[in-house]
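Down below are the structures I want you to see.
Paired with subunit B in one complex and with subunit C in the other, subunit A is shared by the two complexes that follow.
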Partner chain A sequence: MKLSRRDFLKSAAAAATIMAAGCTPRGKRRDEVQTVQDIEEVDRWEKGVCRFCGTGCGAMVGVKDGKVVAVKGSEDNPVNEGLFCVKGSLLPAYLYGEDRLTKPLIRRDGELQEAEWDEAMDLIANKFEEIIDEHGADALGFYGSGQCNASEAYAYNKLYKGAIGTNNVEGNPRTCMASAVGGYVTTFGKDEPMGIYADFEEADVFFIIGSNTAEAHPVLFNRIVKHKRENPDVKVIVADPRLTRTGEIADYYLTFKPGNDLALMNSMAYVIINEGLTDEQFIEDHTNFNSDGEDMSYEEFKEFIADYAPEDVADLVGIEAEEIYEVARLFADPDKETTSLWCMGINQRVRGVWANNLIHNLHLLTGKICRPGSTPFSLTGQPSACGSIREVGALSHLLPAHRVVDNEQHRQEIAEIWGIDPDRIQPEPGLHTISLFDATYTGDIKALFVMCTNPGHTLPNLQRYREGMERTFLIVSDIYPNRTTELADVVLPAATWVEKEGIYGNAERRTQHIAKAIDPPGEAKPDLEIVVDLAHRLGYQDLFPYEGPADVWAEYRQTTLGTGMDLAPYERYKQEHGLLWPVVDGQETKRRFVADYDPYVEEGVDFYGHPDGRAIIFARPHTPPEEPPTEEYPYTLTTGRVVEHWHTSTMTGRIPQLKRAFPEHYVEVNPEDAEKLGVNEGDMLKIISRRGEITLPTKIKGRAEPRPGLLFVPMHDEEKLINFVTIDAYDPGSKQPEYKLCAVRVEKA
Partner chain B sequence: MTEEKITRRGVFKKLSNGFTSAFASYLEEKTKKIFFRPPKSIEEELLLTSCKRCGGCIEACPHNLLTTAEAKTGVYYGTPILELDDNYCRLCYSCVDACSTGVLKAEAEVNLGKAKLIKDRCLAYQGGLCAQCYYNCPQQDKALVLNSGKPSLNSEDCLGCGSCSYFCPQAPTAIKVKLI
Partner chain C sequence: MIIAGILVTVKEEKKAEIKDVLSSFAEVTIYEVEETDRIVLVLEAKSRKELKNFVEREIASLAGVINAAPAYTNSELDILNSKEDELILN
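Take a look at the complex of A and B:
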């Protein structure tokens, strides 16, 4: 290569600048990561699903010389039809971070040191046996993940609940969608949405509340944007105390006062009833009314809702009464189909289940449900929170296929398939997430197995639970060192994504297969092998005869048949781009609870989750957050996502382009508040709650703007953990913590 | 972009066309803008004559983006260079505030360069949902607009700060600032 004088000067100058900036040259870093343009060079393509959010985009994974070198959206997958968001497009790099865990580690003299698999697994098995002998099975706990494959979750659920004999099996979906489960189960008697993504293209009105769809679910947001662009009459209502990118397509943006969404939705119901916008026939035929567990009449419900006239709640909600009238009328317009979408803003609340009920109420009162374009659709954050946790039943109160532990018949049905005595399954729910980690602190949980998730970063009021994790015997199976492995006694190197075969289930009941494309690095192993190995070492060979995920699936599928959550044989998922359950007589189900779609319904609409086939409209009074702002703590803190990162950024943080695109976390401040506080862009601001504090640079002109009084901090940063500040109060029904709201004060640092 | 290399022979050749014009052309060549300059710089020729080479702007840059042209660069020696290869200018104008000679002055226009989009490398033109350049552009909806999710540029509004290029996830980048 001949260097011209200019090239030389440029490179010299570049070297100087780069050295000054303390980073490596961009060209070199970029060359390490191949993206879409290298597609012609791959040896083969394997079918999979994106590793990130709950959308479940079909992914085609390009392999060359045993390495994943490219990934692209799968064109014949109905979820994304070839589309992929920026995170998905950059997936390959996450597999190849320099600090990938490839050997088991055991803590010796305070340090994690390399060990052999046999040594690590024997240590765990012996410890478990010791603890069971001394303290009983309930001194053990498991914390899994909505990123585990279905077979992995099924196996660990069975190991703990069916073999070891404790229901202390939890997972991160408790912190993410337990309130959505509670909402569907209380209102309809069955978990998970009745609608699908294809309803978006049939909708005339979108009601999006507590979801920054544009950043958290970019592909789904794009479907809405495209639909609206092609149909200019489509209207979008967004309700969020923070003006986000999702607002770019909003016709109505309700920046309500944080924590007052229950009043807002009750007020919408008031307008709908008061202005005669209800579907009386639908209410008559398909609903019951209920207040606090007691049946009530429609007339009594009207009396309850009379307290929520827009004029009476406008001050509380912090928006104009007229805005509530407008959006309620639009929602209920009898000539329009309305789809509601929500996510953590609704679920992560001390009354998250109630907030979910109130969304369902709006659809039931207007009859806008169970038909194309009208559906209350809960968005999910993890690729298989539905497929591996809700459906597999891997939470402390659940059993497979939406069964519950405190139902004798359910226990018997599962015991029969598991090949155990029904009495081996405890009849009481185990510890839920917050109480499980609290028990590590108090010493009641002696050993905790954490798989494919990072509670040392993600639990609210983190200080106490990190201390708990240090006290207990902690086993972590993961792919990179993270804020949980640093607390662990044993770290197991796991295989991830296309390094193993598996099944994910997305937010729309679509079950999809991920083919194994490459071998895991070093000694890393699939989590299924780890669980089965542990089961064998504990003496449960007969209960865990599986050779691989297909064997587990065959057994798991038995638990689903005839339940309304029927799954298909494993082979079909390998061939097809996912199937929507229930799959009955080989046919998938696009819409539940309605004849002609749902094989469990003979005529019309039938909410068969409740014995009388009726859904319940709940009278749920407005309830403020656990910690409303006070004089001493005058601001409300909320946390959330940015498009560049995912969860605790253990994966996205190893993708150079994403790391550089969003290198530093910050606190978003409303310009009015910034002026009041006397802070400018970039000034350091200390955020202090009753539990902890954090110092972050101020962002005033960022990608979003919180309403005055509200602060927003992204949740991904591995160094500065915002969860030292957040609150661990939880919903008494769903046990999901109220991450979204806590009171803080701020100081210029 | 290739440049004519100034050689002794070239200068002599031009001499034969008439000394004056050759000298003017030589001077023009010699003072051509070949480096990115700090924002709000005056014209290159004036910069070369007026800059005291004090390094004030270089020290002032909070992001260490400015460096000095080396001695080998002749007339450019000591003048500030803005390095956009692995970074982008935040347009904070700390350098402008630090300039005592008026080479960087508040009234001057920001004209670092112009971004150029290479569509067949751009994710958005290949079915990806990426708008990193758009969302990070300080002239959003002016210099960079999104049409059906695909970015396009309006050169006249582009300041040349390089943030589009910096945030582009493609390897190599699908959008690049060129000197003008």
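Take a look at the complex of A and C:
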């Protein structure tokens, strides 16, 4: 049989798809498919994980002539079972942008100029020593990422907290899921979901709030779509002030007034209680009630919730009372299993933790938790926000395995494993993200190391913090030039994804190994090597004896054993497509807090994160956004993702196909507002907040439609930074900023 | 040039109709499978936009389609600028 290379690749694509789907080929191309099945179109396949969202799809990476040329979904990975979304399917291209950073750069006379590694690392180490001598360890800061792998995050966390002696270690997950952490920890006493993705196929009802799952987590959305189409009785409730693609499968679409979701969920709780849809036995056996830190009785909670009758909040929430009744009844239907999903719309709020609590309330009041198909489940944006930040403890208040710095026993446990005096770990949390960057502005932070993230683009109220980054000694380790490297004093070229080995942890507690498939370009290095090198130059050789990620993992794993977040030995992850923690006696845990699944539970349900084994139902009152619309600023601005791009588009923007597919950002305007403003599709509109302004073309009938009074701007554009406009007010508990809502006015430009 | 293998899950009674529609696209090659609720196709897309539009507009919008998902992509012809040499496979 003769085939051109192109036809051969087509047959290989078909063969791989047929295999992923478990299909049997037939017809006239059967021979062709069967023949190519035995011929590798690449030199070898390596096991990896997609890095473009928190879903954690298994990816097999095809290498030819030392380059990644193909990618296919891992058939035996339960997350995606061989299938991808279009973003994941274009992974290889992001490695090969023409402007990859391949040499260290040092700013000299105002210009970033090429340098040798030794020179760059000596400069950093000397600067750090000088600063520590003059100003103390707290004048240093670190800002990492949910895209770092677990070993990298563990190493930098240890370097700062355990060796240098400052807790000023933050990371971009503070801006995306800190409120979800706060919600899990306050309600259940332990972070991260009890359920897993497999609950989707068991659910009868989905309650999706503050998540455009269709664009942000496409493979998970496809799982829901498939489940609903195969089971037409499955119902989907979507609550979002913007009508998005996720709404295409909704039976109920609640386009509530932005910022009023707490009232909406309290009102659902009101209906559930008043119509007797609660699971009284579950409430009695497994919950406590609390208001503002004080215990309260169930009766007192009922009094609190009495203010939220649908008729009383309908105007505030902006939807019909009857809709609230209907969705509450559906959510609580005792014959149905209900899964709730949420993401940034809930988390990026000044009361994000409370909003998380209220979702958990609905599950606890109805007992729809810890059983197949019934779970509250927060989605995450980054591939290892859970695995590398929440679990490793790489935020300013955390220590590994969900420990906290302000707990003496936790400090002692970690100090023992790190081989240091416990007093070396400071007992107070360090600066959280906004205060850390504010301290660059005020001069309290003298040097900041930024790894694998782009705060020069992503921080809210950006102008102040960009100025801060210019004032401080800024080190950036990344793969492409971006809006942060342009502010840096030293830029270090980093290896990425399959150019190095590592472990990611996804949103469902699944820990997965990524094999090294190719060498990084030029002089780029894995971030772990960079951190260990810096530690050695600072004199901490004894604390950083690691030869590679497996050594770091072995130490990190020790911190997890017996904590309920037990991780497996490194080798297991190399062999398998991920394991759900806790992994005890070699077995993963599909469902937490319930006997027969969770090895930490002997009988029934036990929320063992709290000493009495009970979860807490919180009375959390409606709280408006920090900046509600006013006469002067009558519109609300919200920002978010589109499917073609991810984060600050430093990677997806290098994929020519993605760039072409979504070349220009815009402001989405409701048609009624467009008419009021006298703007047509494409007209330039200036959006002005109390902090800054931006001019963008108007999009009236795009892929989504905000409700009247709401404007939406995608967050990815590297040129026109929407974060000059957004607000940096943050949740007092989680310290997560309220990206989702700020008041603006608009003018035709 | 991206060569993508896409799995389309369909309602059984609609498979023939959907297959007919999809086969009418020049850039699509259908690979027959025994399963009555699946269609496997290979798309030769010049751009990501083409791939995305095809999956979302041309496939997902068809009545009877349950799901459409890429399972494999190969960008070798772009990344390595490989020549389209003829292969003798057996």
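A few comments on the model shown:
As a working rule, the second predicted complex is superposed on the first by the 709 of 749 C-alpha atoms of A that agree within 3 Å, B and C clash if a C-alpha of one lies under 4 Å from a C-alpha of the other, contacts with A are read in each partner's own complex, and residues count from 1 in each chain.
By our rule, a contact is a pair of C-beta atoms (placed from the backbone, for glycine too) under 8 Å apart; a residue touches a chain by one contact, two chains touch by 3 or more.
The structure displayed is predicted, hence computed values, not measured ones.
Of the two partner chains, subunit C is the only one touched by A:D65; subunit B is not. Which of subunit B and subunit C touches more residues of subunit A: that partner is C. Once chain A of one complex is fitted onto chain A of the other, the partner contacts of A:S89 extend to both subunit B and subunit C. Judged by the touch definition given at the top, the superposed model places A:E230 against subunit C, while subunit B stays out of reach. Within the superposed three-chain model, A:G73 lies in touch with subunit B and with subunit C [touch as defined at top]. When the two structures are aligned on the shared chain, A:N222 is found in touch with subunit B and with subunit C. Once the two complexes are overlaid on chain A, the subunit A residues touched by subunit B in the first and by subunit C in the second are 4-6, 9-10, 12-14, 16-18, 20-21, 23, 25-27, 30, 33, 35-36, 72-73, 82-86, 89-90, 219, 222, 225-226, 229, 644, 657-658, 660-661. Across the complex, subunit B is touched by residues 4-6, 9-10, 12-14, 16-18, 20-21, 23, 25-27, 30-31, 33-37, 72-73, 82-86, 89-90, 218-219, 222, 225-226, 229, 245, 644, 657-658, 660-661, 703 of subunit A.
Contact residues of subunit C toward subunit A in the complex are 1-7, 9, 29, 31-35, 38, 40, 42, 44-45, 47-49, 51-52, 55, 66-67, 69-80, 82-90. Interface of subunit B with subunit A (complex): residues 3, 5, 34-35, 63-67, 69-70, 72-73, 81, 83, 85-87, 121, 123, 126-130, 132, 135-136, 148-149, 166-167, 169-173.
On subunit A, the positions that touch subunit C within their shared complex are 1-6, 8-10, 12-14, 16-18, 20-21, 23-30, 33, 35-36, 39, 41-42, 62, 64-65, 67-73, 82-86, 88-90, 92-93, 96, 219, 222, 225-226, 229-230, 643-644, 655-658, 660-661.
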